[in-house]
């Protein structure tokens, strides 16, 4: 009995020793770490893993500048489980690691908002690939940036296009009851009202599979357009069912629709659906095609939404670190990195050209309205742009207005 | 049972009818007992729920004729009525079939099998894999659609039934007789495990999370069937019709099994008193496994049919239908098979009607549907704690 | 009070077990243990390859120390001294050294409070509540809606309260939650156990739906957007200067001393709240109320016939449990500064229940251990496990003999992705092998194991072919 | 003196079965009486009606001048009626002492405020109730067994704990439901002594449901006989012994249409 235990003990000790011995010795270069936070488990993990993968790919492909300066870049992915507690606990652990100089995340605004409080208190720069909630940047933190659009610009864009380009007179608005979906729907609704569109309904639903009951009143009211603020996994299913039930009008949504999987979920019913997005289809951005190819090679699947945004966010952070390091002539402070990231100007990314304003929003973003052309997911990148608008961020618009006083 | 214990002085016309020679002979007739009577019961429940809810809806329309400018509620209800009833019935049958699993297990083991909603999900996932395999093999359009659906539903049910038995053997059997809290917690744990295992399996095999059934490849399922109700045309999806037909057939089988076979009687005996049933020579363990097999299979049938109807599923779809089906089981009187049917139909219809009418009330909206549904449940439980058809069990003192 | 001496006779300890049961060696061992874990935590090298693994080992070891102190066979005075040193000196020092540990300690306080509250309902009174998080939400929203600049009906009309009102709101939040508990309890507490479970579950979901939708027509909760910028209680000046001077004296690197001081004050508030809750729990259980709860749990009808008012007693348990949830909700909201409906999911209710069960239902100490372990598991251990694998990946580590390269570790098998799977397995295994929990309450242990013995004796498996009882049709 | 308990035309049905029909009983203050009858006669149902566990369909229960119909069991207990159960229903995992202390619940001031802050005589009350419980245990002959778990006691002692627990609420009337069932003759003799002492030393009115005719005839001053839920006779032991209807009920039973197995009262 006792001997057996001793043997096991000795055996495991030997194994541990061998394991540590075989590891590569101390690195010569200094380590810089980039963290990501997104849900890697749970129902939203598809999008969260896309973010994580995008960051990984970005680090793999864009560390050369830092390597030349004598740094090794490591990637530490965190799982925020789409819950605030976990996100904040991770954030505290992230800021406690002095080697971490930047963070790409999150997916959910509900996690990003409390977690970014921690980042900001500790001067860690965050670039969000996916949080469209206005509040993220409206707090004016020097460390918090995003490269995606804002709901309060995207929603109205959709309404304008619906009224002016699509000739719609009545709308039925749905949302998924999340901060993202409802926010988008609210902004769409407000703009639609000012444009004089008739609102036939405004509903929230968390239903994910069976929309029969939700479709009935839509059929009875027969609106020209159904706007759905939500993510493709829900809206694609909805659209497929609504068509089957006999709805003949138009569908429109936000950047949550922007996934090749939408085509798969919605099928033929999805063809002719409009969505607004700040990231146009790959045809607009030549680099994107290469990204899709690389991503496929690395992870064996097409990039899901936010993968490209995560890639861009990370490259911006890497560039910021490199700039700050060059200036400092060594390991930069977090403040310096944050300042360098904020100073990003005309960065040509996969999803657009980015210059941050003083709040961390892109100064201007191009909002596209895109029409789905095919039920084949492979054709997703060929979706056609029906309209586009260059919109300044609220702060930038304000500054411009002040700079050029209307005479 | 009630009929014979009733005091003769209080016997009414209905009881006299139940006691008449005609009825006795009729009730011994196989077709009547196992086909006409249960089908009649289902029709009655559907008609009842539809009638009650329609009346309520029009009642609300009288109270609030124009809840929003330019919307005449009564007109809208008239337009939506056939659609609401059809969608309510189809989802109601799904709830009823899931609720049966809860109620059967509760009947024999007196515990809430929380993991049952995951068996429902597994049934849907199994159907997806079945159709996908056929699709990649190019066989999907070669097989007759009716045969295809029958095989799919049966295979999914068999699979979930086996999983149900397995779960019972591994996780619940060691706990038999423990206080109720213990197996309930275990069931919650099992539920997490099943969800995540499914997620891993789907991630490893097809590298995806949302599973879209290749039903669009089957022409017979793709086109909706138009029905004319007066001036309104309602497009009914073929899958909705399949759900109702299949559910009715399955429920007839279940009714026959529970009331007409030795095993069914054994299960009923166990649900009355497991110890005595065991002493009477019933193999209690076997019968409990059989209960899980059947309960699980019905969860799987429901999941399979549901997946056909909704088209896209994921490992997390079990929760809400499971919760509503459980509500249905409680509403009907948990442990009571007919109650589960009634509860399922009632919850499905209520939901459909609420979705169809709340939308016209700007202050409320469909997002309050679940609140109202639960409100109905709580109200019923307060006035009838044993559920609609449940028997009041006075504790022996 | 009553000692249950007749319960499980203690087996005579032997050998080294006997030695550590003696006060002297026990005290020495305990001090050694505390010193060792503390030094280990201070000595961890943040850049080391095995840093995450070391965190997995030493953080729980340190957090567990208070429980060892409480259960050690040493004089009460030593317990008080050691406990005070641990909780009020070492933990703050470690927290200033590495604020993420302080954050963990606060979360442990939050969940311990919740678990103790639920334990009153489930453990003491035997009522299964699957919607406990609703009361937590009531407290959190009570404080949040009055201090968030998000524009609720209160803040828009200038009825917002100053951050200093936090301490008053701990009580108001508790009272509000207790009121909600009573309003819910009045109609449903007459229901049988299973029904209660589903009704409370539904209620938990309803509260979330309400929180999500109560932004229109009148904005109470700011709906799905959530409430941000929730006020935190003002940090006393001496805490800030204490934190800063400690940091400077010991040479800890601090990004933001003010933020650490804020966390430190939350930690102290958390510890005080937990201490109060523990005292309240003990007073309740050693009182006519506690005895009535136990009696109800054991036999409702007998309890009723003995003069125990059923609904009133249950309502009291419900309200007490809810009150703790409400107070903790206030603490949570102000610590988190942001709440939204998704902070209060069914999963949280079930996690809290799991804490109660895993620790030992009904046992105050057990529930606290359960809350600590599961919080650590959720917030630290799993994360660090994946970080460990990740850092091995980054370092290109290889396991010899089998020649496994960590860089080949498939991302599908990242441990963080299997949090819930692990959680589920823990629940199942725990229930099968240790249904009374890690530190079972004695009475509950008997309750949770007795019936299984009885069943074993019952002739459940019969070899005879199945016979059917006479049918009475 | 007015009777302590007066039951008038009490009826209760379960489904189609009339478990208690039109029963009227009168119990003298300070008396010791019994209710007897064959299995399924409705005796326990009657007790359950008296203690509020079942709600009577019709009829009146006047206890000490107050109507008990519609009162909850705990209110009935507080009014001064205590009981034991046919199948012992102790709180098995509580100690013997705690069981008895629970019995005193309706005589305690129970408030959250006192409990949490240990004010308003909380500690004194705890000491007193503990003292009272210990005394009662001594009274029933279980001195020194207070710390045992009640489930570990032998059967006869469990009956005694139940009696002590019932007495802890200072009842004016105590209802014993088959208290000697399953006892051997010696234990039965002890139990009879205990019942007498309950009446004589504590001055509590005692009503028994009993099957053992020797016990009944030995100690009862007054006997009521139930059959098929209805009262068929009452009187002194001698009168009952001679009553032909009682003899018929016990011996020469006519076959009945009522299915006994469907009667909830059985078992």
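To keep things simple, chains are lettered A, B, C and D as they appear, and every chain counts its residues starting from 1.
The rule is simple: contacts are C-beta pairs under 8 Å (C-beta built on N, C-alpha and C of every residue); 3 or more make two chains touch, one makes a residue touch a chain.
Everything quoted here is computed from the prediction, not taken from an experiment.
Relative to the centroid of all protein Cα atoms, the closest per-chain Cα centroid is that of C.
Most remote from subunit D, judged by the distance between CA-atom centroids, is A. For the pair subunit B and subunit D, the distance between mean C-alpha positions equals 47 Å.
Averaged Cα coordinates give subunit B a centre that lies 36 Å from the centre of subunit C.
Subunit A and subunit D have CA centres that are 72 Å apart.
Inter-chain spacing, taken between the CA centroids of subunit C and subunit D, is 45 Å. Listed for subunit D are residues 53, 85, each touching two or more other chains. Residue positions of subunit A with contacts to 2 or more other chains are 41, 45, 177, 204. The multi-chain contact residues of subunit C, meaning those touching 2 or more other chains, are 212-213, 301, 418, 420, 447.
Those residues of subunit C that touch subunit A in the shared complex are 46-47, 49-50, 98-100, 102-104, 107, 212-213, 223-226, 228-229, 253, 255-256, 258-259, 336-340, 342-343, 345, 378-380, 382-383, 386-387, 390-392, 394-401, 411, 414, 416-420. Across the interface of their complex, subunit B is touched by residues 122, 126, 128, 187-188, 190-195, 197-199, 201-203, 205-206, 209-210, 212-213, 216-217, 301, 350, 353-354, 357, 361, 412, 418, 420-421, 423-428, 431-432, 435, 447-448, 451-452, 454-455, 458-462, 464-469, 471-472 of subunit C. Residues of subunit A that touch subunit B in their complex: 41, 43, 45-46, 177, 201-210, 212-217, 219-221, 233, 236-237, 240-241, 244-246, 261, 264-265, 267-268, 300-301.
Listing the residues of subunit D that touch subunit C in their complex gives 51, 53, 72-75, 77-78, 82-83, 85, 89-95, 97-98, 101-103, 105-108, 110, 112, 115-116, 118, 122, 126, 129, 146-149, 151-152, 165-166, 169.
Against subunit C, in their complex, subunit A makes its touches with residues 18-20, 22-24, 31, 40-42, 45, 49, 53, 74-79, 81-86, 88-90, 92-93, 95-99, 108-110, 113-114, 117-118, 121-123, 133, 135, 139, 177-179, 181-183, 204, 299, 334.
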